[in-house]
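Order as written gives the chain letters A, B and C; numbering starts at 1 within each chain.
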Amino acid sequence: MSHQWGMVIDLDRCTGCEACVVACHAENNISTVGEDQAAIGRAKHWIRVERYYEGEFPDVKMKFMPVLCQQCDAAPCEPVCPTYASYHTQEGLNGQVYNRCIGTRYCANACPYNVRFFNFYNPVWDKPLQLQLNPDVSVRSVGIMEKCTFCIQRIKAGEIQAEAEKREVKDGEIQPACVQSCPTRAMVFGDLNDPNSEVSRMARSSRGTKLLGELGTLPKVTYLQRDSANVREDA
Amino acid sequence: MSAKTPEQINEDLLRPLHGVSARYLVILAFFVAIVLAGFFAFGWQVNHGIGVSGLRRPVFWGFYITNFVFWIGLSHAGTLISAILRLANATWRRPVTRCAEVITVFALSIGAMFPIVHLGRPWIFFWLVPYPSERGIWPNIRSPLLWDFFAISTYLLGSGTFLLLPILPDLALVRDRSTGLRKKIYTVLAIGWRGTPRQWHRLEKAMQIMAIAVIPVAVSVHSIVSWDFAMAPVPMWHSTIFAPYFVAGAIFSGIAALIIAMALLRKFLHLEDYLLRMHFENLGKLLLVMSLLWVYFVFSERLTNWYGNEPSEMAVFWLTQTGRYSPLFWTMVVCNFIIPFPLLAIKKFRTITGCVIASIGVVIGMWLERFLIIVPSLSHKYLPYSWGTYRPTWVEITITAATFAAMAMLYMLFSKFIPIISVWELKWGQHTEEFRDPVLSRTDEEEATA
Amino acid sequence: MERRDFLKISAIGSASAALEGCGNPDHQLIRFIPEEDMLPGIATWKPSICTQCPAGCGLLVRVMQGEAEVIRHGQLGLIKMGLAKKLEGNPNHPINQGKLCPRGQTGLQVTYHPDRIRTPLQRTGPRGSGQFKEITWDDAIKQIVLQLSDLKAKDQLSDFGFLTSPLRGQRAKIVSSFVGGLHGTGWVEFALFDEQVSQFANLTTFGHAAPLTADLGQSNYVISFGADFLGTWNSPVAQSIGYGTMRKGRPGQRGKFVHVEPRLSQTAANADEWIPCKPGTEGLFALSLAHVIMRDKLRPAVQVAAIDQWSQGLPDYAPEKVSDQVGVPAATLTRIAQEAAASSPALALAGGTAIAQTNARFNTLAVNALNALLGSVGKPGGLFFSSTVTHESETAAVLRSDFGALIRQIQKMPDAVTVLFLYNANPVFATPPAAGFREAFEKIRFIASFGSFIDETSSLADLILPDHSPLESWLDDAPPSGSARAVASLGPPAMSPLHNTRAMPDVLLDIAQQLGGDLAKALPWKTYDEALKASFTEVYKTQASKDAKDADDFWQKVQEQGGWWSAEEKPLPISTGKSSGAPVKNTAPQFDGDPSQFPFHLLPYASQMWYDGSLANLPWMQEAPDPISSVMWGTWVEINTQTAASLGIVQGDLLEVASQHGMLQAPAFVTPGIAPDCVAMPIGQGHTNFTRYASNRGANPISILAPLTDSETGSLAWAATRVKISRVGKGKMVLFGGSLTETPPETQHR
């Protein structure tokens, strides 16, 4: 059975703790850029927790929203890349082929979610911090665009394992680093092609929305709105 | 202009090719230095990484793409003047065509560097070229950047041809008046032009075909450049008006550049008898028309934005109207309209000086316009948490300065080796008893005493 | 080509290829023979324990083969070894059930930190100058043994002091035995967030001097009085798991969460209602709720001896009477009380600034009493006390661990302490300078530090005996909170040591053997894992005999599993009602500084990334944006929007924050999420000496605090200092976030 990977993020569970942010850095060899580079907007947080607040003291409401690559089915970043570095995989992911990227940065401009990050310099790890690097993930050099891949290395590893054991991938068996670490279990990942998977069921929730869905990007991440009215979910 | 004999024309127009003054060398050295500084800055960038520029998330395009669009736009000068005026048989075009065509070729060459300069990995820029590669993959034809590649190379080829074809008779002229090494070089360059009726006939035919062919190419080039922006779902980029808007803006900046170039040539090469107030007035009127057209486009775009009140567009809208980028925006309006309009509309002010001041304003204003299209939109996209800013560094500023210096330097070199005014066309115009407007063809002295 | 030429060319070619290696420094390093048997590219997962905060979550460490530069037998070389690559929560561990917080994820950077101390050091220059030279382990231990023998000879062993962070498990036992074996009582535990006043209150109200475990997952109503339970308080991962369940894990049910605190913290941001109260009035708030519940008979009555007026129904705590003091409308207090009573099970938590006041004991006892009244004590959806295996009486542990004890120690220094061991504590950074710790500390004759990093305190040491990093160490833990099951965690080393370090307990054991006598008898093991095996054998015999064939089998199993935990929940029995000591009366908080001169309350808080400052040296923690401000690599002062406007302060302005005891500078973060008369600052930056990433960065709010303490327990009241604010210029603040609101004015219709 072919897979279409998707994600659900329950904003009623998310507490803004940023475990996902740091787990992603650790898993995907994202380099730290330092204070001066961070000051000019070059920090690379493949997943970030957007924080907004409304209201005046004391009636202040704050909202946390983890934003990562939405792996759009109609991704605006794909047609504009001249070298096919940004392309759509058969399993519904927006793939980023580092070797093909020549760094025009058109994809980052076209992405409405601002989830693409660029290597303005060669990454640096003060020795021996580089010993932590994950051998399953490329290290990107200067001039290359990068972004969340739904931890494709974990997806591939899970699929290879399942194939070797002559079985299907089990629901919940493959988890990107962010999903695995999230303490409140706000993030769910799985196969949207399987109507019984947890992610499919939760994506059908009446609380579900798509971020910037009106732009027609067909994102694969469904956000479940915070639920102060205590809406009952459909099973 | 009072009639000149062919010998006089030869002497006046070929004089710049003989000898260099100290002043010429000093000024040329100044521009060369800045151009070298630009190369140094680019080398610095390639060596250290594009992080030495001010580009960042979310403003991933900045000065380099501004320069790209600006210089490609400027290159529309030649097309309009040469091709359209040729087809319309406007006789006053004759001293002006080569100046214009030269601007086109040089501006295009400069502009076409920027898709390489702005790359994160410029050493593999050639992956944009469709060739059967060992990687087994062709470039992505859906990408506007690929369309840029085709459009700009076609336009460069076309305008190059358009420039070089009518140069041949003048190269032959220089050849025939030279000796020694110089003669050998110009013999090669003139590729056997003998001036036979057959060759003249072929030249005329080729010029006619090129004049017709190059106009749609030019229109398509800047439409395609505009689609680099319009094809992306970015607030205030995704607009249907962009193609005509950019083409109009390109022609606008091109004419301004032409006026400035002509004024400088007139002064430094003593071409007062050839580049008359009449020429500047005519171009000035065209510039006025383009200015009004520019205002029309900007106004209608902004009116529809404001009326539509779409939140992410309004964020960018207010940024330019009253916010962070408003000083640049209003400077642009002053430079593109407030200053040029009275200078060009009122005959009393439509002097050579007036036209030049207006043109300088337009060049500045149009550069700002490119910047203001690119940067505010990128800095304020859909998710406010990801809004940001942009500030260029010395690398981008140096390279930008180097483009202007390169233009000047190339122009100075060209006019030293090839007559900047088309000698044979001028003679031909004088020779054929074509209609000469007694009023328009007055010299400046005649004008003053009239 | 001629054959001669061909041979010439190929000869030159191969010679240059051979010579190529000579110029390259990497190729000049020796390659040691691997000490481990690993397949490259294949990961193994090893259990361990997270030590980044006191929660004690269980880890699984992903270990893969890599090549590291190490020193073996005094020589630098390369070796293929198992390297920790990624940390995940251990899915089987009862505390965190496979989940992990951002601080936990960053544990890897401790092991691979470029500024880790790699070998023993001896001070060469004046104390604090940072001049050290490298020495051998033999040399280092010899010096220690000499110092202690010297004390022994002079019969001054009571002058030996051991200053550590709060320890648990066998590590605590070893230190305790070490100090005891020297017939000393000089072991002081110090941590800024030791929550000691809470534990004392729990002893009074519930009979257990321990942190509580909150069963949030089944709760229907949670009131947090300043407790950052989703971020940094108590056992954040366990609590987050419960919170997620409370919200959306029970179909048809959703718990309500109310947060009471003058500042909108990361936890408060998730509340259905954020109710800012005046600092230090949390106890009044809680008892006011209790008053309403008792008055309207919304819940069955309970006995709480610890609170004065309780049996009369708390007449002085009616909402109308306390509303002004608390700064909350009486109608709100009444409504919250009614909601909480109607939404059983309901649970109240106290932490953060509520317990960092001079009346902290009153506040904590009040909240405990409220819990008793809400009927959640010992019930699902309420609070529990874990029966996790401990090694000593709870009271003694609590008594040892408090700021008051530290102050008493300081006051006795230097006369009373001539030789001090320092482990995992940084009081020079984390105590107010006005308390005088540094001056007293510097006068100690001989200080030995076991830490992995130079920091403000360890830089004053004479001898440094660097410990392994946690992932290279045998770890064990008895986490007191986070699960109602009995838990004994065990973490064998996940990788071999990178540097010339030694496990601190092993060093103590070595010293003990060399000193001999009672000390050697108290610590009879050669290595720490021997001691651990003995301890787990005890566990096997007393609690886990069904879980393995024999003690050896059990030891194998716990190493594979990451510890032992009971199959069923085994919370301790709780008795409320009886208490020792006089009932506590309403105590108003005291603040340092005259309000007319120092109009603002300074509210420092534990930072989600740097915790109490001990994690500021980790680059991921510096670059991760703060959840509320999105600041990276710096400090900030949170100031109310209206207050800022009235003072002419805009976002990013550099502020001077001054108390009676000092001043600091930091940029302003303007927010509606704080009371107008309060300013807040995260704790963790402002290190003067703590690796390249944290040194001379930002400001430390602790540095201007008054050394006020809770009047009864001696706990540091770190939220009781008043300050004044002035704008001194333009500051620099690195924000990851752009706009602070989703619908900024520019997007609105004009």
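The rule we apply is simple: a contact is a pair of C-beta atoms (placed from the backbone, for glycine too) under 8 Å apart; a residue touches a chain by one contact, two chains touch by 3 or more.
Nothing here was measured: the structure is a model prediction, and the numbers come from that model.
Of all chains, the one whose CA centroid is most distant from that of chain B is C. Chain centroids computed from C-alpha atoms place A closest to the centre of all protein C-alpha atoms shown. With centres defined as mean CA coordinates, chain C is found 30 Å away from chain A.
Separating the centre of chain A from that of chain B, both taken as means of CA atoms, is a distance of 44 Å.
With centres set at the average Cα position, the gap from chain B to chain C is 65 Å. Shown for chain C are the residues in touch with two or more other chains, namely 630, 737, 739, 741-743. Within chain B, contacts with two or more other chains are made by residues 384-386, 388. Of all residues in chain A, those that touch two or more other chains are 48, 50-52. Interface residues of chain C facing chain A in the complex, by the touch rule stated above, are 41, 64, 66, 68-69, 83-89, 96, 98-102, 104-106, 108-109, 111-114, 230-231, 236-237, 240-241, 243-245, 247-249, 251-252, 254, 264, 266-267, 269-270, 272, 274-276, 498, 608-609, 619-625, 627-628, 630, 632-634, 640-642, 671-676, 692, 697, 732, 734, 736-737, 739-743.
Chain B meets chain A in the complex at residues 48-51, 54-61, 115, 118-122, 124-125, 127-128, 135, 137, 139-140, 142-146, 149, 228, 231-234, 378, 381-386, 388-389, 391.
Within the complex formed with chain B, the chain A residues making contact are 37, 40-42, 48, 50-52, 67, 76, 79-84, 100-106, 108-110, 112-114, 117-122, 142-145, 212, 215, 217. Chain contact summary for the complex, chain A toward chain C: residues 10, 12-13, 15-19, 21-23, 25-27, 32-35, 38-39, 43, 45, 48-58, 60, 62-64, 126-135, 177, 180-186, 224, 227-228, 230, 232-233, 235. In the complex of the two chains, the chain C residues touching chain B come out as 630, 737-739, 741-744, 746-750.
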